[in-house]
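In the two complexes that follow, chain A is the common piece, with chain B as its partner first and chain C second.
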Partner chain A sequence: MANNKKKNLPPQAQEYQAFQKQREVKRPILINCIKAFLVGGTVCLIGQVITTFYIYFFNFTEQTAGNPTVATLIFITMLLTGFGIYDRIGQFAGAGTAVPVTGFGNAVISAAIEHRTEGYILGVGGSMFKVAGPVIVYGVFAAFVVAIIKTVLIQWGGL
Partner chain B sequence: MGNQKIILSLIICLILFGCGNESADENANNNQSIEVENISANKLIDQEPSNKAKDILKKHDEVTGIKAANTSKDMIIAVQIEHNKRFQLQKIKKDLTKELKEHFKNFHVELTIDKKIYLELEKLEEKLDSKSITPSKLGKEIDRITKLSKEKT
Partner chain C sequence: MLNGHQTWIFENKPVIIQTGTVGGPFEAKGNIPKAFDILHEDMWLNQESFEKAQQVMMEQACQVAIKKSSIQKEQVEFFISGDLINQITPTTFAAKTMGLPYLGLFNACATSMESLALSAAIINANGANYILSGTSSHNAAAEKQFRYPTEYGGQKPPTAQWTVTGASCALVAKEGVGPVVTSATIGKIVDMGITDAFNMGGAMAPAAVDTIETHLKERNIDHSYYDLIITGDLAHIGREVSLDLLHKRGIDIPEEKYVDCGLTIYREGQPVLAGASGPACSAIVTYGHFLNKMKQGEIKRILVVATGSLQSPLSVNQGDSIPCIAHAVSIESGSDV
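Right after this comes the complex of A and B.
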């Protein structure tokens, strides 16, 4: 597809693209991955500490401590997003802050802040899940597909 | 460029620490340190079945800690599994439960790998050792812990 498109372009545009490709700043993929790994890992470490805290000091088991942990992490992200700190961390770490559940919290809260001027119902309420909505939709859909595959394998595959 | 150096040194640190811990783990394994303490004999509440269950579970290499308590009908056991064996957690739990159920046919055996239950049983064992618990309270406490271990949400 991309190659066909290139051939259809006028020669000047092709020349320009080649020129632009040479001058383009290359993305430091490896460094970005390492940054994402370290910061994402730190987020998970904080999550594990919170889980352990709930297990030791409250009446939660390993099974049930997950829910309050997620809630706490999203609450912390909410505060950090509101104070503008999470954006800075996100700029540095990229996917490391977007992939854990904190990224979901950030997506909800930043949309709410952005659309505040449009009013509470149509602005905040209507736009809050603009970015986070697809996450929920495809998350549920992916869970559905995985559940079907698992059921088929267990029922008929004898796993 | 400055960032790259920092990140590189961080990775080297991580690798070094990781390898250092591995050799320490091997030493720990050689010593075979399992956290088990038998509950002292008490005429009011017989904990002999629990101690017997501990002796059975002690033989497994992957088990690093065992806490257990029982009434005349129910028995609840919490085990800690070695960290790198935790990938097969469900299988290990199934096997251990099966083995215990074969040994204690008169009991309703409940085996769990949950950290919370382990902590709760640790407290209960301390109470049993200091003989500051009555049989009826022990029954209630074991019921409560069993219920807690079955909670899903």
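Right after this comes the complex of A and C.
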């Protein structure tokens, strides 16, 4: 089960792939980028409004308002995912709803809903992080590497 | 019976005496709602899971086909069917309910014609009098099996296809009234090294071309013998690519005689991207739509080429290319032959 690299393909397959590529409908990258920018920006704007709300009406500072803001956004995502709206926005917005924290929330919640039929332990518990798991694993690992670099630079680099 | 290397000719002309088709809510809003015997309002069918809903649809398709015919369930000798979900679970459980001797198949979306070809071959060889031959698929269950959770908000590319929710089966008999199965060509795996599981049409097109070419050659007929050549689920991209490939190889099928089930089942404007897919797609459109047209005398001879992309979640994750297959079955109006 080796990875078939393109250059190892028989000439017939290479020829077909070129033939097929001409007829394939491409992702409209520019339009997708604009949509992602607008929708992603709107999500951030909503986040900013929530942050300001917490700072003005509750006892939060700019530093501490982040956590309740994220929690609120994820709660909204949960509702939208549960009602079957988020995936439709996602098809329209692409990276616009995938990159913000709402995308992460959606990945966890949708998997939890999907695997509910297999039970709470093996289904929801076991498969909840199926889609979002890699984000956590590599996010934590990247933070660890950066922390080591920072420590080394401060301890021995004299920064 | 064997004609050439891959083609069976059925001299005893097995008859499709009845069909049963079941669909979901999205199909009800589609292009051919009249093709269905039962349409469900709800994807869940009051079941606990999508897989169980799929199983119920398969059972209903079989029961409807039997009910519409003049025979009893006890007279059916075999149930030959398959689907896409983990070890063909919904089909197996449907077979348990039906209580019939069962042959389970997996050829992805080509399962529909694989089961019809095998049923016809068994009946042609006097191996049975009545066989139920069908397939089923469920959009949400297939998404869960092959892609992401149903409610996951990932953006799909324009080459992606929409799995049909439904089930369809044909009751094939040794004798009776109805369209007859005259020949079948069993396809080979064709793999052109395409690894993008969101472009199944593009991956499957060469398999369809290979099977059509072989079929015409081994039966020694021209494409004009058929009123329609119907592909399973090539969708927009695959249809265009395969038609160009056929023309390149000197098989000049006219545009209007080359139709695709994946482009027939849904209406323009339904959010299906490139078109429909799934084993139930070719089965529903063939048994529910085109056989009705044949009974009404609009068409006389069709060649149904069901296409299947045989990747598994495992092979996709391991970076393998997509092996594809196509099986062709010719169906002709009974009065004609």
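General remarks:
Heads up, the rule we're going with is that the second predicted complex is superposed on the first by the 149 of 159 C-alpha atoms of A that agree within 3 Å, B and C clash if a C-alpha of one lies under 4 Å from a C-alpha of the other, contacts with A are read in each partner's own complex, and residues count from 1 in each chain.
Assume a contact is a pair of C-beta atoms (placed from the backbone, for glycine too) under 8 Å apart; a residue touches a chain by one contact, two chains touch by 3 or more.
From a predicted model like this one, the values you see are computed outputs, not experimental measurements.
Contact with chain B, but none with chain C, is seen for A:31 once the two complexes are overlaid on the shared chain. In the superposed model, A:60 lies in contact with chain B only, and not with chain C. More residues of chain A lie in touch with C than with the remaining chain of the pair chain B and chain C. When the shared chain is aligned, no partner comes close enough to touch A:42: not chain B, not chain C.
By the touch criterion stated above, A:72 is placed in contact with neither chain B nor chain C. Chain A contributes residues 1, 3-4, 6, 9, 12-14, 16-17, 19-20, 23-28, 32, 81-82, 84, 86-87, 89-95, 97-98, 103, 106-107, 109-111, 113-115, 117, 130-131 to its touches with chain C in the complex. Contact residues of chain C toward chain A in the complex are 48-51, 144, 148-159, 191-195, 199, 202, 205-206, 236-237, 240-241, 244-245, 271, 274, 315, 318-321. Across the complex, chain A meets chain B through its residues 31, 34-35, 38, 55-56, 59-65, 67. Only residues 3-4, 7, 10-11, 114-117, 119, 148-149, 151-153 of chain B touch chain A when the two sit together in their complex.
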